[in-house]
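Following are the structures in question.
Next come two complexes built around chain A: one with chain B, the other with chain C.
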Partner chain A sequence: MLAELGLVALTLALAGALYAIVACLYSARTGEQRLLQSGRNAALLTCPALLLATGALVVALLTEQYQLRYVYQVTDPGTPPLYRFTALWGAQRGSLLFWSLLMSGFICGAIALNWRGERRLMPVCIPVMMASLAFFLGLSLFIENPFERWWILIDAPVEEQVVSRALIPPRAVPPTEANLRAGAEGMNPLLRHFGMVIHPPMLYLGFVGFTIPFAFAVAALASGDLSNSWIRATRRWTLIAWLFLSLGLILGGRWAYDVLGWGGYWGWDPVENAAFLPWLVGTAFIHSVMIQEKRGMLKLWNMLLVIAAFSAVMFGTFATRSGVIDSVHSFARSEVGFPMLAFWAAMTLLALSLLAWRWRGGALRDERQFASLLSRESLFVLNNVIFIALFVAIFWGSFGLPIASELFLSKEVTIGAQTFEFYVVPLFIAMYMLMGVAPLAAWGGMTVARLGGMLRIPLLLTALGVAGLAVGGTDLLVAALGYGVVMFAAIVALCEIARGVAARRQTLGEGPLRALLALFGRNQRRYGGYMVHLGVTVIGIGVIGSTIFQTEAQHTLNRGETVVIQDYALRYEDFVRAQAVDGRLMNIASLVLLRHGDEVARIRPRIDDYPQLPMSIAGAHSTLENDFYVLLIRGDRQRATFRIYINPLVNLVWWGGLLLILGTAIAAYPKGRR
Partner chain B sequence: MAQASWEKPKHPLKRKRSQRAQFITAGVVILVSLLYLLVSGTLQGARYFITVAEVLDDPAHRGRTLRVAGAVDGESIDYDSEEAVIRFDIVHIPSQYDDLAQALRDALEDANAPRMNIIVEDAAIPDLLQHEAQAILTGALEGDGIFHATELLLKCPSRFEESSPPEGLGQLPEHS
Partner chain C sequence: MTRHERATPRIAARWGCSALLLGVIATTVILGAQLAERNRGRPASGPAPDFQLQLFTNEHIELNDLRGQVVLLNFWASWCPPCRAEAPDLQALHEDFAGSGLRVIGVNMLESSPAKAQAFVDELGIGYANGEDIEQRIARLYRVEAPPESFLVDRRGQVRQVYIGSITYDMISGNIQSLLAEAA
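Moving on, here comes the complex of A and B:
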């Protein structure tokens, strides 16, 4: 019953999306408003239909309907309820359905909120959004159907008797409940983590969110309405997508840190990189869109960035879901690869063709020209160049080089994490320096002397900070310089906030807190942006500390024995085996962490034995100063081996991420009518 | 009475040209720097991704940093926890396959398939290092005939989703 319900709802959603495309395009040609409204209503129908389909799958997962191939594949009778729910996005079929639901939610939100303001763009905007949705719904219905069920064909030869079909085949019976329960495969242990609850949904929201700005851009190109109106409509949607994508990336890093057990959070894996690429383009757009709004410049460039962001999302989705890329994160090899590649190419080509057409017609001509290299707009362009350079370098290393070498050398050539670091470190240094200088530059241009004057105090404070680090014991010149560059960007952001507060206090006589709140409330974009910059600098400090100063050691300890690492002492206390409620056996080591002779924490790393594989769960003592991170390698009550990492400042990566998200939320929060 | 002074401004066309030259120079400098970064990084860090058979058959590959993929033989896994050294064997799998799980299984069942000893030093043993996992290693085949890996990537087991129907479901219910 649930499978039938899901199938009908999924089909209804696809029909709604297809009808919306036809109706809206026809209304674009004829100008018939009733047809446009009808198309809009059909588009809005996709969301409840997909809620119903997803709900049916969730109920099937929660109520252990193992005849559904998807439920059989990702859960078993021992799977706890929370992970039964998260199993919705635990493998290809369910996650594609979930992806479509999120996309349709975003689309309905965009239609509802922009219907009045951007109505003239809707006849093209809705079909573009619906085409993207219809494509993913088509994948769900025809290639990776989450409602397929196991059937036994009575008349078929034994080896061909078991099949999975969405519709009931003739002369077929379902397998027995006992066989289904006994054979259910269960969830990959790597996915049984709290990160699984929130990381994929956030990442998906970030990905699907870029569909909205893309649709508005294509609609503006197709309709010829290339005023700044489409930019205003899409800027907030881009910020929202960017917020979720940032959150997804940060949570993914945290998950890797907790689960993959190598003491790191970013491995330059192709799938990680595929998620980072749209983020880079989105960041470039968020900056350059300001130049179009303020100065009427970079119209062509902004269009290109919006198209590139969507294209990067589609390419990343293809890379992750086709299974053609070697990665720890990718899905199993799937038939969705070729259709995804074709869809990616078609949408990108369509948008680029429209762009070329409008450009040749002169509709994307800038209203002003760059007057000086030392202007805010020029520095923002330089910022864009850096983000695009990062994009090119990471794309080249992850996909370009392997594909090109395969084509021209008939051998795949790849690069490792060290080469990625070689590419990106100079570019990140340039990015941080620009983060410090660009906000101080004036629109239109300014003299070197004036800019120098504005930079004097931040540079002085940075120099004092670096000197403080040197006195405090940072003996590595590279690290001190790295901290210096990052600190400079942070100090500029703080100085700008302080300047704004001081100005309000002077002119309006407000108290410091009231002035600060009013500052953020009055100019959300600017000061939300500064908070994002602060978040990025805090992340930068965390990355430098945890990368350059990480300590790694492995020790085998007898029970009661202590090992000294830096100014810590770690004593092996005990080892117990226990059974969890879901049946897995846990091997738990107990250690005492001492610092300067005082106990600071009890750490309990463990190994969980799942039927598929063991899972090492690190034990950690976390402070703002560092993480004392311990993995149990093997052991018993008498003797155990531990891998120990001291990761200085690593928690700043997460705290900086939080600041970044908060700043973006402030910048994106809709302003009330005043 | 103050005298008004007037200075002839620089020729606007000349100023425009000089600004354009500045922008072009800046653009060229950035482009050349980026190209240098990409080319030099790629030349230093590029590794050929090849199969076990190719590594063993071609003496030219000896001592070169390579990336190689193979099926992990679970019985050969040995971990020296005191020295933090992992030793195991990988077996050749073809570079092209339709079903990874099947390719890994076939490789390990073939007694004549080329196999290579692997050593990974100063490493914790990964949870995913299991029989029939796919190992992707970066390192070099040294004179001792052992592949010394500096990087070990193992395919997530979720990749081993069954593409063929599971066994055991096929028993017909009694009433049918």
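Moving on, here comes the complex of A and C:
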């Protein structure tokens, strides 16, 4: 019953999407408004239909309908309820459906909110969004159907008797309940973590969100309405997508840190990188779009960035789901590879051709020329150059080189984290420096002397800060320089906020807190932006601390024995085997952490026994100063081996992330109509 | 602004656009080829993909260096019962045919720790070459889905037979003998 309901709802959603494409495109030709409205309504219908389809799958997961192949694949009778729910995105079929639901939600939001303001763009905008949705719905219905069920064909030879089909085959019976329950495969152990509850949905929201700016851009290109109105509609949607993507990336880092057990949070894995690529393009766009709004410049470039962001999302989806590269994240080899590649290429080529066509028509001509090298717009262009350089380096390292080498040299060359860091770190340093200078530069141009004057105080404060670090015992030149560059960017952001507050206090006589709140409320984008900058600098400090100053050690301890690491002492107390609710056995070691002789924490690293993949879950004592992070390698009651990491300042990565998210939310928050 | 000044960036942009379009098409073709390569099944015939393997005894071997010998490539894991079942037969094949030019190579895959693999080798008294397939690179090269799987490679480095699941002495000794009888 649930499967039928899901199938019908899914088919309905696809039909709605296809109808919307035809109706809206037809209205674009004829100008028929009622047809456009009808198309819009069909597009809006996809969301409830997909809600119904996804709901059916969730209910099937929760109520253990193992006849559904997907339920059979990702859960078993021992799976706890929370993970039964998150199993929705635990494998390809379910996550594709969930992806479509999120995409349709975003699209409906965009249509509802922009219907009045951007009516002229809708006849093309809706079809582009619906085409993306219809593509994924088609994958769900025809290739990776989450509602396929197991059947036994009575007349078939024994080895071909068990099949999985969406529709009931003739002369078929369902397998017995007992067989289904016994065979159910259960969830990949790596996914049984709280991070997995929120990381994929956030990342998917970020990904699908870029469909909206893309659709508006294509609509603007197709309709020839290349005034700045598409930019207005797009900017906020880009910020929202960017917000979710950032959140997804940060949560992914947190999950890796907790679960993968190597003491780090970013491994330059191809799929991590695939999610980072649209983020880089999105960041470039968020900056360069300001130049178009303020100065009417870079129109072609901005178009290109919006197209590139969507293209990068589709490429990342293809790379993750097709099995074209190897990664911890890859879904199993699947039939969706070729259709996804074709879709990516078709959408990208279509948009680029439209862009080339409009460019020839002269519609994307800039209104001004670059007047001075020392202007905010020039520095923003430099910012774009850095982000695109990062994009190219990371793309080449994760996809270009490994694929080219495998294909043409029959050799597998993969790039390690160190190589990535070698190329990427200088670019990030340049980014932080620009982040310090660009907010101070004026539009149109300014003199060196004036910029120097504005930089004086931040530079002085930075010098003081670095000197303070040196006095405080940071003797590594690289680290001091790194901290210095990042601090400089942070100080500039803080100075700018302080300057705004001071100005309000002087002219309006407001109190400091009131002035601060008013500042953020009045100019959300600017001050939200500074807050994002602050967040990025806090992350930067965390990254520098936790990579340059990470301490790693491995020790085997007898029970009761203590090992001293820096000013900590770690005592191995106990070892127990316990059973979790889902039936897996856990080997838990218990240690006491002492600092200067006082007990500060009890740490319990553990190994969860899964038949093929024992999972090492770290125990950690977290403070703002550092994480004392312990992994159990192996052990028993008498002796155990531990790998120990001290990760200084690592928690700043998460706190900085929070600041970044908050700043983005402020910048993207819709202003009330006054 | 002269016409010339205006024209230069336009030409640059036009070239840029064409380059981008071509780039997307080229990328699509390359990715398609890669995907097709990835989606192909096990190499059931043709040249055996070359690889290097670091043995548990710390020596290195490279498949291409073994030209002239018949190679039986066996993918296994210590947690897999059929692998345990076939290991004595592989050892017997090694003992009987090593003299006439057979090399049995065990490729240990999907193992949680090298110690477990070593214990398996010691316990079953395995004397043929064995090493860990780090990051399952070789298994991917041969499209191995789950251990055990075995590949029989002739003296000229061509894959001649693929065995999915466990093998027995009697099942493959005939094939090995006929391959050994072939000229290099």
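Things to note:
FYI, the second predicted complex is superposed on the first by the 661 of 674 C-alpha atoms of A that agree within 3 Å, B and C clash if a C-alpha of one lies under 4 Å from a C-alpha of the other, contacts with A are read in each partner's own complex, and residues count from 1 in each chain.
Rule of thumb we're sticking to: contacts are C-beta pairs under 8 Å (C-beta built on N, C-alpha and C of every residue); 3 or more make two chains touch, one makes a residue touch a chain.
From a predicted model like this one, the values you see are computed outputs, not experimental measurements.
By the touch criterion stated above, A:614 is placed in contact with chain B and with chain C alike.
With both structures placed on the common chain, the touch criterion links A:182 to chain B but leaves chain C unconnected. In the superposed model, A:158 lies in contact with chain B only, and not with chain C.
In the superposition on chain A, A:392 makes contact with chain B only, not with chain C.
By the document's definition of touching, of the two partners only chain C reaches A:356; chain B does not.
After overlaying the two complexes on the shared chain, residue contacts for A:548 are found with neither chain B nor chain C.
Once the two complexes are laid over each other on the shared chain, residue contacts for A:481 go to neither chain B nor chain C.
Judged by the touch definition given at the top, the superposed model places A:5 against neither chain B nor chain C.
Taking chain B and chain C in turn and counting the residues of chain A each one touches, the greater count comes from B. Legend: residue contacts after superposition of the two complexes on their common chain; A:22 is shown touching neither chain B nor chain C.
Looking at chain A, you'll find residues 323, 326, 333, 412, 612-614, 634 touch chain B in one structure and chain C in the other. Across the complex, chain A meets chain C through its residues 300, 318, 322-324, 326, 333, 337-338, 341, 344-345, 348-349, 352-353, 355-356, 359-360, 369, 403-404, 406-407, 410, 412, 611-614, 634.
By the touch criterion given at the top, residues 19, 22-23, 26, 30, 34, 37-38, 41-42, 44-50, 67, 69, 79, 81-82, 84, 98-100, 122, 124-128, 130, 136, 138, 151, 153-163, 165-173, 176 of chain B touch chain A in their complex.
By the touch criterion stated above, chain A contacts chain B in their complex at residues 72-73, 90-92, 150, 152, 154, 158, 161-164, 173-176, 179-180, 182-183, 185, 188-191, 261-262, 323, 326, 328-333, 370-373, 378, 382, 385, 389, 392-393, 396-397, 401-402, 411-419, 422-423, 426-427, 554, 556, 612-616, 631, 633-634, 641, 643. Residue ranges of chain C in contact with chain A, taken from their complex: 1, 13-14, 17-18, 20-21, 24-25, 27-28, 30-35, 37-39, 49-50, 79, 110, 112-113, 135, 137, 140.
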